[in-house]
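Take this structure, written in structure tokens, and hold onto it; I'll ask about it next.
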């Protein structure tokens, strides 16, 4: 495709988010009974978006040049006095691939959701939010302007808030929605600071402009401008932006919201974990990559890598000890996001972004699969009460198996290639990080095997009585009948996972092409390739083996059985309670706030009130003293009135806080008058 | 004649140019008011199958004068505990805004007392002020029914003000000016000076209907006369008025109604435009003829509606304004936008008409109140 | 028209002072709100006066006046709603009787 | 013209003074309307026609009516027994401050060289210009105002409704 045609296509990019957006707008007005219309509208809109995104993808694929074809279209949004605010759309390989992925995966998630939510009363509301969610993510992907990106970013946050708390009548869901919103908001502060600083330093929020003065085009120049903390401006901005990405993509200190987000309906989890919310952070880092790499040798890249690495290992360990089927997947998402971030930090845009794409497919597959399992077992989420589902749900089983193998990194599934690429890049950058990441890969294989055996192998344990463990968070909406035989799900639920599993198998083979497509040279250096590949193959094999040894040879008999790993004792509890991170926050941040509150209350009570009371008390004490010392008959009256005067003084002081609006106003205007006097006589 | 004017000193010209319109307004429109009452009584009589006034003069033609004399000579009663000053002020203030309204009504080609560049806005601003007179009258009488009537009047006028102004916005958008003269001018031309009247546009028709309803409600005419509903609150805010003060209230109300009719004519019915209107003395006279003819038609329309429609309930009144008229006025504004931006006329016709019709159907369906329980008649069943 | 600028400024200063006096000295909440409205109006009058005498070609002052009037309208709506709410609670609109925040 | 200015000023000041001194609240509001009218007249005199119309429309048509309603809703409907004590306890503070501010403003006006400025050009700003400015360069404040008014509308309703909801 020639440049002019691409340019035209870039101008038309806004159609992609428009369709889901319009669908959401229409659905917000639909009556609750219009379930078919609502779902149909949503799916059709998403399908159209998907077609458009694929067309853009094909167009960028067809360029065939070796250098990156990047077209953008900027326009003025509005004037603000003398300054103006711009908006921009972009079409480059990064955007095109991402938009195609989001719309495609989103489309199938929507299809699956029609089955998952079939019994819910608020079906139309759900699809309205879902559509808006997809629209804002697509808007984020196509924006060539940080302001637009930030707006869509916040919209994504809002939609996740609404969807996580979709069953807001459940206290856990209501808490989770708030947690997600507030935690990501902490990161957003950093992001916003980064945007402000970028605007301050470059004077524009457009990433690329035709005259070469876009924010990212100036990254090289920014590397020579001083920033904060001894960094260059570029690195400082990159650091601040990365804080935003940490919140959104659930990196270590700010990861706490992601597992709790499981309180939302499962399609939402799939959407959040695969295509939209968490992808936004990694995508943003990828989009802003020139800023990250502008200053060679700054610690920001190392910081990014180590955060990613730590998150990868840390969440993988937690995932080992969870019993909730979705929670295992949630921590695995955290871990995989850690891999992506680590890849980006290690200096490879291609590795991080490619893993984002492949991961989106198989994680969506896994989540939708777990949704199928949950529906098939009548809203059961505790893996201990499953088992033997292979017999009852064969299609789900095979698709889930593919997803699991892809996530574990078994060749030739997609996860193997993308993860391997990340490990290779990390190996070049830091051997220690590589070692940890390989350990995380081992854990990944292990906990996925564990999950497979617990859910699909052995015999059906759902008939057992509840054992009140506290882990079972049933969805007690709709028909909450437990204990029936599991059954296969309807076609609109298994078809999406079947389609996605095709991609989970095949997508990995394009890793090399993707690198070329993004216009990044290299990736062919053989140094360490054999070691890395050998190591990762070994650990994956080990992971599968251990998984089989511990969970496969002898499957659980009863839902009340101890987990074999529980033999590890305190360590297992430690992992099961997620390293006590929530408790840690509870003990530090919340406690700190509470202590502050108590302190200030005491301050108010002791110091402010105390001074007044002290005045009165001293006066009272003095008067008492004199009463004892002096002759009550002679000087009683005099001292009484003296005390009275002092007490009145205290009272007078208290009346400053009279609670009368007008008194405050009077003082205010008196102050104004004094200011005027000063102005007038000087 | 002309040369005499030309030679006259400037100050005299100034005063004459100020005095003539004022004299015209003060003399002609109260006359129209007087005979409107007569026509109204006659027409209502005809509708109710009776004769109406026919004793004073031939066909009762002197009836208004007799009425005026009667009211002038009647005893002026002020309730003992009333707020005498406000009680006195209210009827006076009721007339002033109504007269001021005529300042921006063009009664012929170029014949407008003041060509303000904010003409329409001025009209709305002034007409809002009239509600204060009603309120003052109701409050100062120190009578429950007066006060209730006043409160009803205020609520009603404030509610109907909104759709009325918004339906006028459509016209203002189409013309691009707030001046009444410019609005009238924009409707000249076309076949026989008729086809470009705004009422012959889809949005104009909707605007006309909305505006007429709003104007009727604003001057508290039946079917929107709940502020003075006899069966409920005696006579509303003018329960305690008699004699000439009562006459002033009536005068103000009718003048406002006539002025609003004049503005309706100007905005939607082509103003002074009609076959034969144009520049020059003759064309100007014809233009005046058309204006007053249309004004008469609007007045008759008002009377006709009054004679044939039952009074609405309070909740119906408010629901009608906020649920149907207001959204319809907003939809109409968007319709004008379509009209403006679609340059292919037939397409614009189709799109605008469809837009308005569809929304009208949707809104009428949404605004329908079906949850009102059927009325029970305790002693009549 | 040859009225000096300072006539207008003095007028608006007077009005401002009158409004301030009303807002400070009267006990009735509604009158206090009225006093505030008077002060608002005095300020807006200043905007228009300076526009007329100094920046006649610019549209900025009128913009400010429009926005100030809108804000004043919003403020009085909220204020009066508060007065009504307070009245429901205390059965009074006398400001001196509302001393819940007394320290 | 000067005569008109003096008449208008007298009306305005009179209205303002009456508005804050009368005992009867309704009379206060009526005087306030007089004051608003005077201000609108000043705007006409200063050739800000649009602002004058807006002043009448908003202040007299909306704010004053709102105040009348507020008075009606916060008193016994027909009985208008005046407040027992018109002035607040610290009335002298208010008076003193107001007088100081008035004097100072006066002095500042005398001090600055504003006295002999003559009116500027004659071309009035047309309504069309104002409209265009509102939706072009001033669109952000305009939209912000829209949001503010909506928020105020909802807020006012919520505040005034609160007790009713609680009773249910």
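We just call them A, B, C and D in the order they show up, numbering each chain from 1.
The rule is short, and it goes like this: a residue touches a chain if its C-beta (ideal position, glycine included) is under 8 Å from a C-beta of that chain, and two chains touch if they have at least 3 such contacts.
Not measured: the values here are computed from a predicted model.
Listed by label, the chains that touch chain C and also chain D are A.
Interface comparison, A-C against B-D: more C-beta pairs in contact at B-D.
Taking the mean Cα position of each chain as its centre, A sits at the greatest distance from chain B. With centres set at the average Cα position, the gap from chain A to chain C is 48 Å. In this assembly, the C-alpha centroid of chain B lies 33 Å from the C-alpha centroid of chain C. Our note on geometry: chain B versus chain D, Cα centroid distance of 28 Å, whole angstroms.
Here the spacing of chain A and chain B, counted between their Cα centres, is 61 Å. Touching of two or more other chains is recorded for residues 20, 23-24, 27, 95-96 of chain C.
In chain A, the residues that touch at least two other chains are 662, 666, 669.
Each chain pair that touches appears in this list: A-C, A-D, B-D, C-D.
Interface of chain D with chain C (complex): residues 1-2, 5, 9, 12-13, 16-17, 19-21, 25, 28-29, 32, 35-36, 39, 42-43, 45-48, 50-51, 54-55, 58-59, 62-63, 66-67, 69-71, 73-74, 83, 85-91, 93-95, 97-99, 101-102, 105-106, 109-110, 114-121, 123, 125, 129-130, 133-134, 138, 141, 145, 148-149, 151-153, 155-157, 159-160, 162-163. By the touch criterion stated above, chain B contacts chain D in their complex at residues 83, 86, 116-118, 121-122, 124-126, 128-129, 131-132, 135-136, 139, 142-144, 147, 151, 154, 158, 161, 176-178. Chain A meets chain C in the complex at residues 654, 656-662, 665-666, 669.
Across the interface of their complex, chain D is touched by residues 78-81, 662-663, 666, 669-670, 672-673, 676-677, 679-680 of chain A.
Contact residues on chain D toward chain A in their complex (touch as defined above): 88, 90, 93-94, 97-98, 100-101, 104-105, 107-108, 111, 136-137, 139-140.
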